[in-house]
Structures are given as C-alpha cells and as structure tokens.
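Common to both upcoming complexes is chain A, partnered first by chain B, then by chain C.
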Partner chain A sequence: MTPRATFPHKFLPYLLVAPQLAITLVFFYWPASQAVRQSLFREDPFGLRSTFVGLANFKHVLSQPNYINSLEVTVIFSVSTALISMAAALLLAVMAEKVIIGRGFYRTLMIWPYAVAPAIAGMLWLFMFNPSFGSLAYPLRWLGIDWDPLLDSKQAMVLLIAAASWKQVSYNFLFFVAGLQSIPKSLLEAASIDGAGETRRFWTITFPLLAPTSFFLLVVNTVYALFDTFGIIDAVTGGGPGRATETLVYKVYKDGFVNLILGDSAAESVILMAIVIGLTAIQFRYIERKVHYG
Partner chain B sequence: MATISLHDVKKSYGRTEVIHGIDLDVTDGEFIVIVGPSGCGKSTLLRMVAGLEAISAGTIEIGGRVVNDLEPRERDIAMVFQNYALYPHMSVYDNMAYGLKIAGLSKPAIRERVDAAARMLELEPYLGRKPKALSGGQRQRVAMGRALVRQPAAFLFDEPLSNLDAKLRVQMRLEIKSMQRNVETTSLYVTHDQVEAMTLADRLVVMNAGHAEQIDTPLNVYRTPATTFVAGFIGSPAMNLMPATVAANGKGLELDGGGTVKPRDTVLPENGRKVFLGVRPEHLSPVDEFNADLKLAVRAVETLGADTLAHGRLADGGATGSEMVVRLPGTSAVKPDEVLPLAIEPGTAHLFDRENGKRMEA
Partner chain C sequence: MKFRTLLAAATALSIMVPAIAEAKTQITWWHAMTGANGEVVNKITKDFNDSQSDYEVVPVFKGTYPETLNAGIAAFRAGQAPDIIQVFDVGTGVMMNSEGAIKPVADVLTDAGFKFDKSQYIPGVVAYYSKPDGTMLSFPYNSSSPILYYNKDIFKKAGLDVNTPPKTWDEVWADAKKIKSSGAAECGYTSTWLTWIHLENFAAWNDVPYGTNQNGLAGNDVKLEINAPIYVNHFQAIADLAKDGTFKYGGRTSEAKQIFLAGTCGILTESSGGIGDIVKSGMNFGVGTLPYDSTAKNAPQNTIPGGASLWVFAGKSDAEYKGVAAFFNYLSKTDVQVYLHETSGYIPITLAAYEAAKKSGFYEKNPGRETPILEMTGKQPTDNSKGVRLVNLPQVRDIENEEFEKMLAGKQDAKQALDNAVERGNASIQQAIGR
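Presenting the complex of A and B:
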C-alpha cells in the first residue's frame, strides 16, 4: 500500500478537485440522468406531452431485430478496431525502437494522425477509397477486387475499421513507445545472455512487461471504438449500406435526432452506458489481475 | 569451464577510442577482477566479452573459440548485472529456469538444477516469490543462481555488489568467492571497489582510461605497483607520492616538498633523475627525531579504532610541503599541530619515473 498523503488544509483539497467535479457533474451525470429519465417516458409525435411508460421503451428496443443487428455490428467493429489499432501500434513502436538515425523524426510523424479530427479522418479515407474517384480504389480493382464500399456491406465495414484503427494507432503508439522505454535494457540483455532470440525476448519479456500499458489501452480503445468513432461512421458510411455499419452509438443518434423517437433513443443510450460500465468493470476485475505493475 | 583470451581488444564509439588494446589470458577456473575508477572502460570490456557491445578491433576467445561475431547466447556465458536484471513478472524459480527452458532441458532436469542452486544459495523458501518480494541480498542471490544453473563456460559479474549495504556486501563477497571455488568456473568480475578486488581476485586487472595498467596477483599489485596510477588506486588510504630528485653525493632523494630522504634498502637511479617517491601510509612508523627519514606536521587526526590516520604536510616544506598521510596504531596519542618524526620501513619505498609514471626497478 502506498502511504496516504495528508493535507494540512481542510478545504483546499476540495476546492482543487471542484473544477473537475463540476465538469463531470455538468457533462456526465446531468445528461446521463436526463437520459435515464427520458428512457422511462414516451413523447407524443409533436413533442408536446410525455407519458410515463415504465420499461416499455426498453422492451420495445430489445425486441427490434435492428437493435440486435446493431449490437452484432458494434461487437465486430469494436473488437476489430481495438485489436488492429493496438497490434499495429505495438508493431510500429517496436520497430521505431530499432531505428537509430532519426528516431525522433519517425516518432513525430507517427503521432500526427492523432491530430486529425474523426470526421476529417473519415472523409480522407472515403476520398482515398471512393469507388468512382478514390486514388486507392483503382489499384484495388486492378488487383481483381470488386471494390465498392458504398454498396458492399463487408467492404464498408473493412473501410470503417481501417479508418477508425488508423486514427487510433498514433495514440496507442505513443503509449507503447513510452512503455517500451520503461523496460530496463538490462532485462533484455540478461535474456539474450540466457539464450533467448529476438522473438522469444519479445514474447517472454517485453510483452508481459508491457501489460500495464496494454491493459490501459484496451480500456481506452474499447471506449474509443464504442463512442468516439461516431464522426468517422457518420462521414464514411452514415451507418449504411442498409444498416451494415450502424453501431450502437450511431443508432442512438439516428433514432433520437433523425427518426425523433426520443424514448427509444434514450433507452438505447442507457443500455450502451450499462454495457460500457459492465465491460470496464470486467476488464478491471479479470484482466487487471494478470497485469504485472513494475 | 574454459579459458578466455583477449588479444589487443579495442573499442571505439565513432572516432573516440575508449579501450586502447587490452591483452589478457585467463586460465581455466581463474577468478579475474577488473578494477578501476568510473569511466575507465572496465564495464565496456566485460560487455564486449559478453557480446553486448561490438568489438572494434582485436579478438576475444572463449574456450579456444573466437567469439567476436557470435551472439551473446552463442558464447556459453552467464552474467550477473549490477541491478540484478531479474525478470519482475516471473517467480524466483522461473527466473532461474528461464535459460534452461530455452536450452531445451527436460522439466525434471530443470527442477533438479534449480533446486540444487537454490539449496546452495539458501533460496529454497523463496522459489515461489516474485523478485519484488525479496530483499536486496536475496535478489542478488537469485541473480547468481540464474547464472549458476546454466553451468556456463564463464561467469561475468558487472559490479554485482554495489547496490548492497556494507554488511551484506562483505557477506556476499565471501559467498561469491566460495561459490566460485566450488564450481571452479572461470570468472571475470568488474568492480570499482578495491577491497572486493583484493579479496576476490586470483589476478587483478587494474584499468585506467582504457588501458590495463597492471595485470598481476593482488599481493604483487600491492607490493610492486607498476605505475603511479596503480600505486594511488590500490591501497587505502592511498600511497603517498612525493615528487623528488635523485641528489648527488649519495645523499639520497631531494624532495621537492622540502628536505632530503634516503630510504633504506632501496636502489636509487642516476643523479639528477626526477622521480616520485611512493610510501604507503602503513609503511611509516614514528621514531625518535634522530632516526627520522621524514617529519610530518600533523594537521588532522582520524581515529578509526584499530588505526589512527594522521594527515598533514612535510614539516621541512612549510606550508607548501607535500601532503602526506600516515597510518598509526589505534593506541597512538598523536594530536594536530604536532610534528611527527617518521621512518620509512626498509625496502618499502617505491620509485616511479616522473616522466611516464612507470615503476623504476633497480
């Protein structure tokens, strides 16, 4: 256990925490409680009255095949995005460690994509892979792939996952580079004297010692894939073709702001909130146990 | 078990040469200690033998095989690091078994070897623990165990005791020595601590600024230091080195710091030669004024219990006399501001050439 810090002042600590608390209250607890409240009511078509309906919204939402579809889409999209972006970032970070000349230059370049806003990142990828004028769509077709992400649901999903992962790779890269630097060099030297080749050194020493970083990134990337990819989805596919790329967060938006079924939308967002809270709790409870902190 | 030979081994970083050609032949089972001040290149030399640093020139042989271009894992060596470099996510058992698993030993064989090493190092109760739950001395033992189980051709130690407190260091020093006697494995041991160096080594390599100044047994290094550097580095407190000139008419040495001295049983070079006169603090003893070789104007006295150290300057030189220190018995009642007449024990004076710092033998 770490010793507890003690403060001589009584009110100063509360005062210092107050801004953060205020932000959390205003931007999380307030809207979240609004959503919970709204999920229990049904609005009339003109938005003039709302009636308390209990859990009817939830029942309605969960019985829709569209919602189950959206759940599946979300699982595929989130798991792929988190895994691909973390794996790619780890690979790049390990490679960047090996660069001797111009290491800083490479690292800086690697971090740039993080500065691109999600919607713009989506547009970038859409332009590159647009079936009619995309500069990368042409070579794909030349390779014999019938490329049309605007009509083919699988290709649309691939494009989305690629764009969403690409944007998150920088962030993960940054943390993996820091994680790699915190591993004492002498450990790897000891392992190489013990007879371990490069691959084995990575899997038996480096990878386990990166576990705290990987665990943190797993939580962050899950939340990213569930929520922050909204801009990319909206820009690239708009949930289409059909509902092939309509994730939970996108459906919340669509039902609420496009279809104006506020009760359903609120119920969906409450369910989404429960999923994220549950996932994070599971991650902390079961995965963190296997994490070795230095 | 193997011999190790270094032939004209050099190391450069870019254009800067940091190790200027080291020759060393280590016989099978010998314990060699490489000692020197920080930055003298001793760790770099060890890491070159380990294969963690590339060799810029020369050859290194382990067991008669040139290993210059071999990976560390192909050199059949084990190394103990200063910070122990234990794998923090593995238990003590797994730390020691790591190399054996890679070598492809069967599970029972691994267990047998690890258990034997654990018994020898008294680590049996801790095999299931993680390194974090061990004390410094225990971690040190695990690091040694990890080297031991591999049964390598040679052990390399890189300042393995410098992270331990003084008492533990003495204890571990003895353990390392007895362990090495037991297994009779050729060992290279790097340290900056001269007590470790003197007590552990079969032979010492005293390094300074990328050169091996002297390679010899600890006693020979102490008795006949090859250079002024070795003279000043080995022995505590350091040897007194006084600039002097050989006087005419057989008067002995004229000290630049004032006065003359004629050390007994010491052959002097030709007249007018500029030298350093070296006398160890323990080779000076207080005598009556008539028999004195030197007179020390005492400035400070350190009482260590068993010994008393008197620091001061040569009385004949006044305020600019050479600095000197004398080791006296603990019972000595010397006080600051006294003048202490001293005699050099016969045959214990050292002469070094002032031009190049080399020892002058008659």
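Presenting the complex of A and C:
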C-alpha cells in the first residue's frame, strides 16, 4: 500500500485553488467557448442577422489557399524565431559567464530588450530597416543589397524573424544564465583535469545539464512565436508584402477585426487553439522524456 | 472626523450628479481624430455646448479609424453604443449594410424639425454618403480628395517647367522619367493609397466603371471590372516604371509621403488632407489636380471623397436624437464649416462655407487648398463617379494591394494582377453578401 497524504479539511483545498480556477474560467474557458460557438455561425458585424451554418466556416477556411500559406508562414516564422533566439541566447549566456570584470553590467544590458513592448520593438526595427527612411537601409544598399522588404517577401520575413528573435533573446538569456549557475563547478573542473577542452566540456556536460531549461524555453518560445509576436508583425510588415508574413494569429485578427468576417475568424482561432494544445501535448509527452531533471 | 467629512462629501456628490445629468442630455461622440484635428473636435464640441443649455456633446477618442469602428460594433453588440460614431470612408459599406443598427441622418434631422436642404451641400460629398434613392445616411465630417504634389526644386534641376504640373498620367510618366534620367532625384514618382487613388478615384475621374451595379451604390451584388484595358495599361505603365526605380512603392497607406518629403521622389499623388505635413516640412512644392488618362473620353469627371463621416446609432431616446440633430445643424453652420475647413485642411461640406472661404481670400494665400473642391464639384457625378461601395471594401482593398505588391516585385504583369484581383475580389464579395 502506498502512503497517501490526507488533509483534514474537505473544502479548504478547493477554496485555495478557487481564485486560479475563477481566472481560468473567466479568461480562458468562457472566451474559448464563445469562439467555438461563433465559429458555427455566420453573422454580420453588428450581430443583427445570425445563421447557424454548422462546420461550413471551417470548410471555407481550410479550403482557402491563403490559409495553407498562412500555415507555412507560421511554421517558418515560429521555428526560426524559437531556434535563433534560443541559440543566440545560449551563446551569449556562455560568453557572459566568462566575463569577470563588469559581469553585472553586461547582464543588465543583455536583459534590457525584454522590457521593450513588442509593438515598440517592431517600430524600432522598422525605423532601422525601412527602405525609405531606415538608418541601416542605406548601408545595406551601399553594400550592394537591393534592400526592399516592402516588396521582397524573403527580406520581409528575415526582418521579422530578426526583430522577433531580438526581443526574445533577453528572456532566454536570463534563464540560460540561471541554468548555467546551477551546474556544479566541480563537474567542469573534474573534466578539465581529465583533459577535456572547452568545446568538449560544453557539449558533454553543460549542454545536457541545461536540458530542463532548454525544454522549458522551447515551450515558452513556441508560444511566444505563435502569439506574442502579433505586435511586431503589425508594426513591421502588417502581414505583407502580399501575404508573405501573415501568420495564423495575424490572419485571425485580419479576418475578424479588419475584414469583419467573424465566423471565419472564430473558426481560425478554434483551429489555432487545437494546434497549440496539440503542440504542447506533444512537447510534454515526447520531448520531456529525454530531459533529465538532474 | 475625516471619515465623516468624506461621507458628507460623497452624499453631496451623489445628490448633485443626477441633478446635473437631468438638466442636460448627454450625447456621446466616438471619434478617431488625433493631433491638430483632435483639438478641432474638442473646440467645436465645447463651442456647441456653450452655445445652448439643453445638450452636452461628449467627444471620446477611440483610436485609429478601424479601432473606432470595431469599438462601435462591439459596443452595439453589448447594448452600449454611443450616439454618434465617426466611420472612415471604407467602412461606409459596412454601416450601410447594417440598417437595423443605424438611423439615417436625414431622418434624425427632419424628425427633430430641422429642414434638410440637400442642395446646400457639396454634391460629390453628399452623394457618397447617401442611399441610391438619395436619402443621406451619414453626416460628412471630414472629406478629402487625392491631388498631385511636386517638388519644385527637383523639377528645376530636371529642366522641367516649375509652373506646369503634369495633367495626364502620360505626362506624369514622361516627367518622372526625365527626373530619373537627369539625375535630379533618385526616383520620379510615388503614390500613397494605390487602391483609393489608382482604382477607386481612377474610375471616377476617368468616368469608367469600377464594378457593376453603379460600383455597388445600386446594390450589394457587385462584379468588379477593374481588369478592363484602361486599368491594365495604367498599371502596366507603373509596373514598367518600377523596374528601374522611376516609380517607387512606399506601402499600402500613406507611407509614400515620407519618400516624397525626404526628396527621394519628385512627384507624389496623395490625399489633400496630407497637405499639412508637406507645408510643415518647408519644402518648395507645387500642387496640381489629380492626373487623368488621356484615352478616357469624359475625363476629367469628378473625384470621390475619402475621409470619414458621422453615423447615428439606432435605438436611442428622442431627446438624444434631438440633441444629435441640433449638433449636426450647428456643424453645418457656415462659420463652423469655414473654421473646420481652414484649420483641418478638409473640404467644407456646404457650398456657403466654400463661398465664404473664397471671399475671404483664403485660397489665394493658400494655394492648393481649393484643388480638391474643384475636383469634386467640377461636374455632376455619373453612375461611375458617385463612389465605390462594397460591403467588404477593406477586404477587397487588401486583395488588390496583395496583387499589386506581387506585380511590383516582378512576379506577375499588370493583366495577371488585375485578373487575380477581380477573381479573388468577386469571390470575397459573394461570401460577404452571404451567397
């Protein structure tokens, strides 16, 4: 028989989780159920006429070539953003560990961009790289690059990924620095005595021991790239040129709030919700198994 | 002691507040005006409130045009709609298609006992905001029209006559090429709002149809006709100029103004409402009418207004409607219109205000300010030039912009771009009207 912890109170535990439950109910379940309901109706913007259409909105959304395009854009954008921001942060964190004088100063500078709101980060990058008034657009052109993200879809995507990654590097940096500090120095010293070089020490000791941090960051960054980058996209490209940078989240906004097709927009957000739930479940089920929590 | 004072103050307040509210009927007005134009809103509402004691108009800034419209829609659905909402030109179709949600301005005015004489208003503006039977649905607040701006210094450098702006598109292309080839500037021509200027106004100004059903004014079911040869030739010319940078693309809305202000391009087509920024920049600039297509028989016809109008929500009390009517009546007054016109740069909506501004010598001192009015009042509007009204105009504009961007990037020619825009645009219109 396994020992079981018992609590004398019957209601107290429920009372203690009640605030959290209430918040989840109000801010997640209620809006989510509204979205599901809305996705089954076709309605005019003012809600004067509403017709039940079953799954017709889903059928319509999924049959659009634009939606498939949006899906591709999201995959390219999210994977690149998550990988680049994590890799850059890891490199910077390892380098910052080596700095002896002014370590705190460097760290503060590294964490700084996290305090910048996404829309402002977007504007910042726009001001640097706008082809007509960007301060860094001139040197680029001088280098012989035909810089025009307003019309060149690849350049627009690169600009967006750079802006979104830059914004997230600080957050990842913070966690990697914390992760690095929890690695016992004795292990690294023992490896050095055995003759392991810096690269080898990193890949055989530091990197595996950072796995829990990396896994956590992978989940957080995926969610960030999928949802929190809306402000950056809106400020930098607005989904253009064409639809080259229109991610799923941006399409939900465009269809719902600009084009006022509420049914399609709701159907899109329900699909998006399913994708995120699925993705998180996969991450926890398969990737977490390979993570050692020490 | 302190608590008691507070309590007394609270009680006093709770007695006083309803007393104030009862005395005056509050009229809420949600708007999207920022900067100098926002101050104009505050000033005219304050002047109106001071001019009488029955009503109090409360202006509330709600963000950008789309944000204001969305806030209004959300508020209506929650039963909390304001009395008046400012809706931008492209939102007009959405509002008109929602008859249960709005009360026509013509009814608001006549119900309150004001006589509404349409002939007093500038025809092009009123036609745009009216039903096919002529009932005015919304009150034009700020209207503008596209005009041509050119940099006189660049013109001089290129050896062009600084006093003759190009009149037709062919002349624009020729001047632009000369600016580029002479090295006077990096690029010859740029334009803001390609959809509004080069499609919607291009159609009206050249008197060619944008779509069936009088461009949507006579009915919702519209088939786009923007892939007719005249459009294809026009856009192919732009696409060809874009290849060597003689035409430079700025973006979907008013971004191109920055390229012109930076002195990168010599010629710009932009809203007349954008004149303020150009004046402020201190540039030595000139203004011309919007160019027309020399192959179009009736060109130039008239342009159609951009900007925004005021809509009145349905389901309000009679007292509130009376207040709204009084306020609109106040807004139509000549001195108020002259003030609005001269400070904000928008077009006056009454003929009397236009005459008054003319008499005061305003246009001699401020060249270019009369151009949009002349463009809009030159001829009686035809079926092609009353405006474009689609239930989902924002969405159709998006589709058009997407195809233009692909064209300008060299991925397709003008014929392909416009054919695609028509096909995709028609499909989206059919979906929006529920077929």
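Observations, loosely collected:
Here, the second predicted complex is superposed on the first by the 275 of 294 C-alpha atoms of A that agree within 3 Å, B and C clash if a C-alpha of one lies under 4 Å from a C-alpha of the other, contacts with A are read in each partner's own complex, and residues count from 1 in each chain.
Basically, a residue touches a chain if its C-beta (ideal position, glycine included) is under 8 Å from a C-beta of that chain, and two chains touch if they have at least 3 such contacts.
Keep in mind it's a predicted model, so treat the numbers as computed, not measured.
Under the clash rule set out above, the superposition-derived model of chain A with chain B and chain C shows the two partners fitting side by side. If you stand at the C-alpha centre of chain A, chain B and chain C are 150 degrees apart, rounded to the nearest 10. When the two complexes are overlaid on their common chain A, residue A:Phe46 makes contact with chain C while staying clear of chain B. Contacts of A:Phe133 after superposition on the shared chain: chain C is touched, whereas chain B is not.
When the two structures are aligned on the shared chain, A:Ala196 is found in touch with chain B, with no touch to chain C.
Using the contact criterion defined above for the overlaid structures, shared-chain residue A:Ile261 touches chain C, although it does not reach chain B. Of the two partner chains placed by superposition, only chain C is touched by A:Pro241; chain B is not. Look at A:Val219: by the touch rule set out above, it reaches neither chain B nor chain C. Residue contacts after overlaying the shared chain place A:Asp152 against chain C, while chain B stays out of touching range. This overlay, made by fitting chain A, leaves chain B and chain C with a least C-alpha separation of 52 Å. Only residues 184, 186-187, 189-197, 200, 204-205, 208-209, 211, 292, 294 of chain A touch chain B when the two sit together in their complex.
Residues 66, 70, 73, 76-77, 94, 97-98, 100-101, 248-252, 255, 258-259, 262, 264, 392, 394-395, 398, 401-403, 405-406, 408-409, 431-432, 434 of chain C are the ones that touch chain A when the two sit in their complex.
Put simply, chain B touches chain A in their complex at residues 50-52, 71-73, 77-79, 81-83, 85, 87-89, 98-99, 102-103, 146, 150. On the chain A side of its complex with chain C, the touching residues are 42, 44-48, 60, 132-133, 150-153, 238, 240-243, 254, 257-261.
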